[in-house]
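You will see two complexes here that share chain A, one where it goes with chain B and one where it goes with chain C.
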Partner chain A sequence: MEFRKKVFALAAVMALGFLLLVPFAVTYGAEQVYDQKGGPVDTWNRPLEKEFKVGEVYDPVHFMIGVAIGVVILHLLKSKFPKIVPVVLVRALTSVGVVLIAWEMIVYMQLVRSVLLPPPTTVIAKLQGHWGKDYLQIHILASLQRLFIAFFLAVFTGVPLGFIVANFRRFSDYVDPILNLIRVIPPPAWLPFAILWFGIGNPPSIYIIWLGCFFPIFMNTMRGIRNTQQIHIESVLNLGGKRMDVYGRVMLPSAFPTIFTGVRIGFGIGWVCLITAELVAVDAGLGWMIEDARNLLDTPTVLGGMVVISMLGIIFDTILRKSEQAIVRWQ
Partner chain B sequence: MDIWGRCEIHPLVVIAIISGVILTTTLFRNYSETAISEKFYNSLMAWSLFILFWEGTIYLEIIKSMLLAPPSVILTKAFYFLEKGYLQINIVSTLRRFVAGFFIALVLAVPLGIALGLFRKAYEWIAPLLDFIRMIPPPAILPFAIILLGIGESPAVFVIALGCFFPVLLNTVQGVREAEKLHVEVVQTLGGDRMDVLRHVIVPSALPTILTGIRIGFGIGWLVLVSAEIVAADSGLGFMIEGARNRLETPTVFVGMMTVCAMGLAMDVFLKKIEGFFILRRGGGFLQLESGITKINKKNNL
Partner chain C sequence: MKTSIEQNREVSMMKRNIGQTSGTENKIIHNGRHVIEIENVTKSFFVYTSHGETVITEKKRFFSRKKPCELVVLKDVTLSIDHGEFVAFLGPSGCGKSTLLRILAGFESPSGGTVKCKDECIQGPHPQRAMVFQSERAVFPWLTVESNIALGPKLQGMNAEKRKAQVAKTIELIQLTGFEKSYPKTLSGGMLQRVAVGRAIVNHPEVLLMDEPFGALDALTRNSLQDHLIKIWQSIDQTIVFVTHDIEEAAYLANRVIVFTSRPGQIREVVTIDLPHPRERTSPQFIEYRNNLANLIKH
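Now for the complex of A and B:
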């Protein structure tokens, strides 16, 4: 009973998320909204400042000293209150701080040209500027909307299809060979076709991300349900259970951890596919922002975009990992 | 229907051949049920029906041939490219790029992984940084790599290497850590030094995990390869696909996709074979340890 509640809760959360996304999906031609304000995103809102000079907004020396002081304070705090400050955090922040200082130092001593590798201070200033002009938010939202629509679509198609393929041998004999062929084609190779079929914009990138997410989820669902112990199924049948009992009470619970692992892996691959699709096939989103900045030789924005992407990736990965641990703990 | 203008294989021929295959196998199966296994029969049927449907819908102009090229045209194109050597050139340049990136990743990741697996303290300090870089999808580094290294081979190789690097590194670290303490202690008691422990215990026991990492890294590298070639290369299968897309040559796009698919499949099978070979040998892990012990005894004149 406990388990069923958990499954229903998860399904409810997912359905709610999906419902929330429906308005986005219906109005995916967000470009039209921007058109009314005067032109697509890139031309009316792209911040075209003159070249940033090193140390214009933040002084590099102050930055380096500040980071060093911060690291030292962190270590002092840790030695004073070893129970409150987690060791992992101290280690992470220290190593990141050391790299930041080294990076700033390299550019400050003019070992590298700042066009090729802008220092952290410039990147921070640039990101701050973008955030202030609502430029960063637009792209983050566009990326996330795309990612979540495709991800939920993949979950809603992958899990049922995996379930069917695992349970009905005849069906799987027909479907497996074709799916196995499609599985091996890397999703980015579909990009030209997706653009040809769906045009530029959200639909082709959603298709690519869906392809990336779908197969891990599908394969893991199939594997999990096929690995159900035969004894459990037979004992339920012996005790007078119906087919639905076998599906609901034996197969789903025993396959659940595997399915969730598939969801996590699928999300990771979808994240890679999102950026790839955005480099080529859309006109808003973090990948587009990076590529556009690359065309303008706006290296601080390129690096800043990479930092934002990495941060979002870490956040989502942590959430999925934690929820996986919480859900699978009963095992 | 100008798409079949220079096509050497008529669509009706494809339809006839496939229908013939379906009919004969079905008749044969009715004649003797044990001759063809059910699984083989079902998958053959799936393929035949799939191709028949594909060719038929385009022949009957239900789907525009511009959006989805029929198998007959794709085959003709593929043979034409093979004859002219266009496909071979692209395959070679893709393979060269991929192998370069893959081997750079292996050469860097395996020794680094063994070192980080052995020195836990160092790993704990470096892990957060690695996590930070690992979470950036390799295609996102592509624009930056282009700025740093310029258009051409180097950014693509760099990004492929980065894609392969982390799975191999993390699996190596894990494999080294999972080496049995008891085996290490056996070698140490028998007078083996650190190199002996590394050579006779840690590397053999970590090898299967490392190979799994290599296979995962291969998968990610292959995905990254195509996206890198679409964005930042002037040769290769990804470039061929993207160029054909710009010229609206749907059959060429399909030829490129099928080639990528076949190459990926072949390499995956090859890597799985290697992995299976080493995992089989792991079953005799104790024997390996024994041979290592005799070697150490010989060295110490025992």
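Now for the complex of A and C:
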């Protein structure tokens, strides 16, 4: 598929996602969330009872042996079918396995109290319990909805603004210093004002996340467009292109890798801001789940939330990276 | 492939015959139609130095108290180029020959004098005056070879079928068959420069402007591309203006060599090279021409 079509397709997917998510932002109020049947679920009704004690659901010894056997099997598979099993994946999973075993071992040998460092078995059991009670899903959905609304907003404001500012040198000379002053303020510092301006609920956290996403996207778009080579602009003019062709056929593709890097950085910063923003001002979301569990010294849930955050972060970064590779075929 | 080479050879034979029969005339291919007319063209820049910074502008600054240093790049250049000619601009580096080419392309406007292409004043770039840039980076890295060449016709609004045929023909002409779907990063410098030539000629321009296109390439690639360019020039009916600082290149390619003085650039002499293509670099006439040009540049 042609580059321009791919970019349009990506923009369309983002716009559609944005439009689909906005109604949820309205229904996901500060008070209630809804379960799959449409009935309200009280988010304060969290599973407080200690359902699992350490080592009750999963035996630590079995877990450690199981992981070790898994790693060994992976290596055997790699040596048996070197063409099918990717070496990088085997190495990555090996190091993860070793860390898991070491982590479990530290607690099992009682070097650390399990409340200070909950072992993997407890975390997994806890997450399973939360998932079973539809508790985890609610928070994941609440977080993702917030994140994506803010992220899409940042893309749809940052890229066009960066494009415009980069093309009007004099305008950008006036705008640059102000933006730079705002840019260096860490977005969470806006929290008090965000709450004052937008009240309690989704809007202040969306604002914080938008701030975090916007600047890398905007700055990278500006840099990418400015770094467009004069020779390419002259080439397209020489081939009979008009002003719009310079924008669409030269500046956009030549700046696209830089823009996409900005989008990825922006998403990462947005993810950080999301968790920070959710520690206050909302009552659902992964950040809120962690904060709530902290208040109850429910450390397995805290760690479980962290694990879920890292998993989701990796998944979305991979999706972004793959889509970049699919569009930027020439590099 | 074979047929196209044979055709080329036939065309070149025909042209050689023409060259031999009209050898008494100064121009080998001449039908009396001026494609480009350059009259008293002058180009100067203003150099402002303030706080250790140097700024070069085309126009005098209105509010500047400092007196700028005027840099005259071209001075009173008058020249006309006929249809089908292969003209080389030869001169030391910094003599304004590239600036003159950029004026012809429409990227810059002269400070004084007029430049006409087919009796029309040049205002801005136009596909009728296709440019091949010095650097092979001018090829768009985000488009395949095919799309790079197809961009010109696309911008002209040519329909898809016609465009496809045109592009296929051009790719065959620049001998890059099999690389249609490759991205520029996978190609060598010489191949990229051929893509640049293809991109320029696919529009059937009136004039092909080449700004030291083979300057950055190694000697072997350069020689083969020179032969290639001659073949292309012979197979399509086109005017070529070629800027170079390489004496041998100018003597090898051009019908007419315009020798420039160093800055401010003026035409020192116009040398007509009356040798049929393909020329031999070792033949006594060729060496004579080359020495002649070298002497002109030296003084």
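The definition used in the following text is that the second predicted complex is superposed on the first by the 299 of 331 C-alpha atoms of A that agree within 3 Å, B and C clash if a C-alpha of one lies under 4 Å from a C-alpha of the other, contacts with A are read in each partner's own complex, and residues count from 1 in each chain.
Assume a contact is a pair of C-beta atoms (placed from the backbone, for glycine too) under 8 Å apart; a residue touches a chain by one contact, two chains touch by 3 or more.
These numbers come from a predicted model, not from an experiment.
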item: Which superposed partner A:Leu144 touches (first chain B, second chain C, both, neither); value: neither
item: Touching partner for A:Ile275 - first (chain B), second (chain C), both, neither; value: first
item: First, second, both or neither for A:Ala189, with chain B first and chain C second; value: first
item: Touching partner for A:Ser254 - first (chain B), second (chain C), both, neither; value: second
item: Partner chain in contact with A:Ser95 - chain B first, chain C second, else both or neither; value: first
item: First (chain B), second (chain C), both or neither touched by A:Leu239; value: second
item: Partner chain in contact with A:Leu74 - chain B first, chain C second, else both or neither; value: neither
item: Between chain B and chain C, more extensive residue contact with chain A; value: B
item: Intersection of chain A interface sets (partners chain B, chain C); value: none
item: Chain A to chain C touching residues, read off their complex; value: 2-3, 229, 231-232, 234-241, 245, 249-250, 253-254, 256, 328-331
item: Interface residues, chain C side, partner chain A - complex; value: 105, 107, 124-127, 129-131, 133, 135, 137-138, 140-143, 147, 151-152, 155-156, 183-185, 199, 203
item: Touch list for chain A against partner chain B, complex; value: 88, 91-92, 94-96, 99, 116-117, 170, 173-178, 181, 184-193, 195-197, 269, 271-276, 279-280, 286-287, 290-291, 293-294, 297, 299, 302-303, 305-306, 309-311, 313-314, 317
item: Contact footprint of chain A on chain B as seen in their complex; value: 38-39, 42-43, 45-47, 50, 67, 124-129, 131-133, 135-144, 146-148, 220, 222-227, 230-231, 238, 241-242, 244-245, 248, 250, 253, 256-257, 260-261, 264-265, 268
